[in-house]
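Input: structures, listed below.
Two complexes, one shared chain (subunit A), two partners (subunit B, subunit C).
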Partner chain A sequence: MSRVSWPLRAVTALVAVWLVVPTLIVIPLSFTDRASFAFPPKGWSLRYYERFFTDSGWLIALFNSAQLALIVTVVATALGSAASFALVRSRFRGAGALNGLLMAPIVVPTIIVAIAVYATFLRWGLVGTAAGFVLAHTVLATPYVIVTVTSALRTFDRRLERAAASLGATPWATLRHVTLPLILPGVASGAVFAFVTSFDEVVVSLFIQSPELQTLPVRMFSGVTNEVDPTIAAASTVVVAITTALILLPQLLRRNTDHA
Partner chain B sequence: MFVVPMARLAWLSVTTPETGLANYRDVLTDGVSLTVIWRTLRMMLVVTAVCLLFAYPYAYVMTVVPPRTRAVLTTIVLLPFWTSLMARTFAWVVLLQKGGPVNDALAALGLGDVRLAGSATGVTIAMAQVMLPFMVLPLYSSMRDVDRALVPAALSLGARPAVAFLRVYLPLTLPGVAAGTTLVAVLSLGFYVTPALLGSPKESMIAQLIAVKVQDVLDFGAGGALSLTLLVVALALLGLVARFVRPGAALGMSDEGDRR
Partner chain C sequence: MPDHSPGAGVRVRDLTKRFGSAARPAVDAVSLDVRPGEFMTFLGPSGSGKTTTLNMIAGLEGVTGGEIRIGDRDVAALPAHRRDLGVVFQQYALFPHMTAAQNVAFPLRRRKLPKAEIAERVARTLDLVRLGDHADRLPRKLSGGQQQRVALARAIVFDPRVLLMDEPLGALDKKLREQLQIEIARLHRELGVTVIFVTHDQEEALALSDRIAVFNEGRIEQVGTASDLYERPATRFVAAFLGDSNAFEGTLSGGRLAGDGLDLRAPATDLPDGSRAALIVRPERLRLSGAPGSGDNAVSADVTDIVYQGAFRKVLIRFGNGGAGCVREAIGALSDIAPGDRVTVHWSPDHAVLVPA
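And then the complex of A and B:
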């Protein structure tokens, strides 16, 4: 860093701290022994983890979120991959428009999606139902799958498929043994994105939740607005741990296969 | 599944409580809505400016440091993408609270007692943190392509450093500036969670106003009209920048595969 002058270094350090601190601060706070958000904590304890993992409200919210995110991951990955194949492999009228439409949930402010979905769900009787959550989160998660799978397909060498076909492989066998293994990293990172999107989603969920069916982020949101309860810090730490593990997992797996 | 709710929302905005454009007239004439819209636009400008101010030097440093440091800086920028929005917003609640760490730090620097929680300053700090990566990444990707010999060349020809920066370096990074600025501007228009939890209800943003209209009084007409107004502004901004840069390039994605 010899060529970087000190004001530049100072700004860079400030930005780095700005970006990192909010992620890290919840971890020490979750080990506090007081019923306050005072930071740094005066004493340490595990009582808020104990509460998080024994309180039925928090636990059910965690289970709801995990279950929902898993279903959404499967549905969104399947739909998104299929859509990517259609978009990359075939030329049809309106492909551009369709792509734009499928990407729209990323661009349109979430609050608008939220009330639009809410208005529709009220009419269809889907508010507060698991099916409603799956439907809404799938809409939000699918674009991320499409982005990753599309880019994997674009860099894919189609001569490999032709080679397989010329060697007598059926289209299905080619897909299973040639194409899918090669685009698997793209599909996998799309799946991780889909999981995280659903697991972390709060705005749409706030509208379509019911007291009987809440997700973890919704529970956290109402926790922050209504009470001073460090259990939220424990919940945040758990969420951060889960998402970090998920994102690091594919990279670790890849590294291991490289060594093998 | 995305189109139907959006269409329904648009429909409701012109039919509830009665057919006509009354809801839109209200948006444009009602004092509260207008104040909130102006406040949202002002917040958007401030957040965008803050991001640009801090992201520009950070992205520049990323281009000149050794690869190892660059990897660290890149990871730091990507960190907010991984961590849960709720966890981060909660962290800001803790950091910015009265008597919290940021208050203490400012007091230690002799800047006195600044009210951060429940104020526009607090919301700006937290929103800028969420938005910084969207500014840094496009800036970095355009700075990376700048020929590093150009600025020394300008200096050797007698240009003062400020002139060399303004006339040579800055113009070459403008695509990145345009892309980052638009991304941040559009995304910050629709922010709901951060201002809802950190701001004061007296200084609500348009997303909160929409939420209040729909959640508290089930006024889908007014909420829908506000949503569509917000959407039009966001799309107009996007359209403006689409004339300068390709959205894919803006996010640092490469389109190599297209040229096959």
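And then the complex of A and C:
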């Protein structure tokens, strides 16, 4: 670190500030005591947090989003990990094309994905259903799992699997006791990305929402277009806190195991 | 360790491995019998098929053709995890997320042994490789030699009847290698397990083995004890790969080998008259004399260089036909020669071996 020159450090700091500050602006806004987004706030209060955590509409939206993100995390992590094994471990015609196809949800503009999903879901009767949300968000989240698990698998030393086999481990036992524990950091960061992708997804969700089934970002979006309500700032702060905690978690865990 | 089962024999017939569309098979119809409890070394240069043969015996590599029997069981169709063989890999292949003890316990856990028995056997085996006090260390906290001893413990803890080792000492420095060679020899003695040991290091092979199989280009050139291979090489390759040798080429005819200005007495041989052959004499079997001349068991040569090597010296020579050779003289039995001298080298007919050229 000490060998990084100060101009590089300055540029890095600038970029970091530029990326983070807009997000951080909402935090002071959420503690205002006025019914406006005036920055900086003139007086401080927790009233918008109180409103967020007592209003059943907000709470249901938060609960919907958390539940949806958890299910998507499980499904996308399982599917993405399985797909990664296939992509890394087997040689088959069209592996490259398949990889491109699986990555498409990241590359294709979300609005196009949203329109396609909406058109398809209308025909299938999935608009406004929980299954529809799980399906749509899984498609968006799986590529992140594939990226992280694939890179973990590529650096995994396959001689360990041969050693395990020679020691009497069935392929299943080898996967469970050798391969999975060693690629776990990749799987875990893929799972975090999957959770965050679903938890703050707004574009596709706006298309397939219904009055009965709204996620937190959708409710925030509707809130900000319809009224001036600093509760949205409180909701944003909650979202920022949850996602930041999730993304920092693996790094903190890794640091701990390094010290062990 | 009286409760260890004695080693099993390994019988290989016409074992063949072809990778993809390669012109030459990596292993070409290899047949071999390893006796129960024997220490057999596969020796050969890299790419000679020795590791591929080992991997096929271990079940880690598919077989293109041929038969493998361990004890009285045909194992060709068994997957690696059901062959019950210990394997030690060159790069140790320890599980990095498990401590030394957990690594050694791994094969016992897979065999669903009771917890108490696992703990007892792990402790005993770690003691056997002198790592009893490192049981709770992760592999990355162990030195290379210690890691390889854990790998060894892990491969023997479940009493396999055959232990396969693929260049297990290749990544260690010379001093550690010699130390571990002694330990491996001791384990082999104490456990009675059959060992198949792959190496490209002839000194290692000579030091450890009951018998050595010399591999070259996917085939076995010769199987025999160290002294068989050294004193009675069956092929030019074996003569050249194990130690230094002097070779005189010619055509066989009526008990004589003639060609290239030489006419030597040929030792008894199965090779037919008219075939090309080479007479092989080891450097320490040659004697030097100052007077030039040649005969039934003698060739004239020029001394090109003399290299002192401690207990002996090496006299590098060039024969009349241009071929290079060397003579090894023990200190204390030195002839009075200097580079540039014209000399005669001669040998006892018992010490000459005829191989196909």
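Criterion: the second predicted complex is superposed on the first by the 243 of 260 C-alpha atoms of A that agree within 3 Å, B and C clash if a C-alpha of one lies under 4 Å from a C-alpha of the other, contacts with A are read in each partner's own complex, and residues count from 1 in each chain.
Just so it is clear, a contact is a pair of C-beta atoms (placed from the backbone, for glycine too) under 8 Å apart; a residue touches a chain by one contact, two chains touch by 3 or more.
Since the structure is predicted, the reported quantities are computational estimates derived from the model, not experimental observations.
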In the superposition, subunit B vs subunit C on subunit A residues touched: B
Partner chain(s) touched by A:Thr23 [first = subunit B, second = subunit C, both, neither]: first
Subunit B versus subunit C as contact partner of A:Ala35, first or second or both or neither: neither
Touched partner set for A:Ala82, first subunit B, second subunit C, both or neither: neither
First (subunit B), second (subunit C), both or neither touched by A:Leu182: second
Touching partner for A:Ala119 - first (subunit B), second (subunit C), both, neither: first
First (subunit B), second (subunit C), both or neither touched by A:Ala95: neither
Partner chain in contact with A:Gly168 - subunit B first, subunit C second, else both or neither: second
Touching residues on subunit A, where the partner in the complex is subunit C: 157, 159-160, 162-171, 173-174, 177-178, 181-182
Footprint of subunit B on subunit A - complex, ascending: 1, 3-4, 8-9, 11-12, 14-16, 18-23, 25-26, 29, 37-40, 101, 104-105, 107-120, 123, 135, 138-139, 151, 153-156, 196, 199-200, 202-203, 207, 217, 220-221, 224-225, 232-233, 236-237, 239-240, 243-244, 247
Touching residues (chain side subunit B, partner subunit A) in the complex: 1-6, 8-9, 12, 54-55, 57-58, 60-61, 64-66, 69, 73, 76-77, 79-80, 82-95, 97, 99-101, 126, 128-129, 132-133, 186, 189-190, 192-193, 196-197, 207, 210-211, 214-215, 220, 223-224, 227, 230-231, 234, 238, 253, 255-258
Residue ranges of subunit C in contact with subunit A within the complex: 58-60, 79-87, 89, 91, 93-97, 106-107, 110-111, 154-155, 158, 164
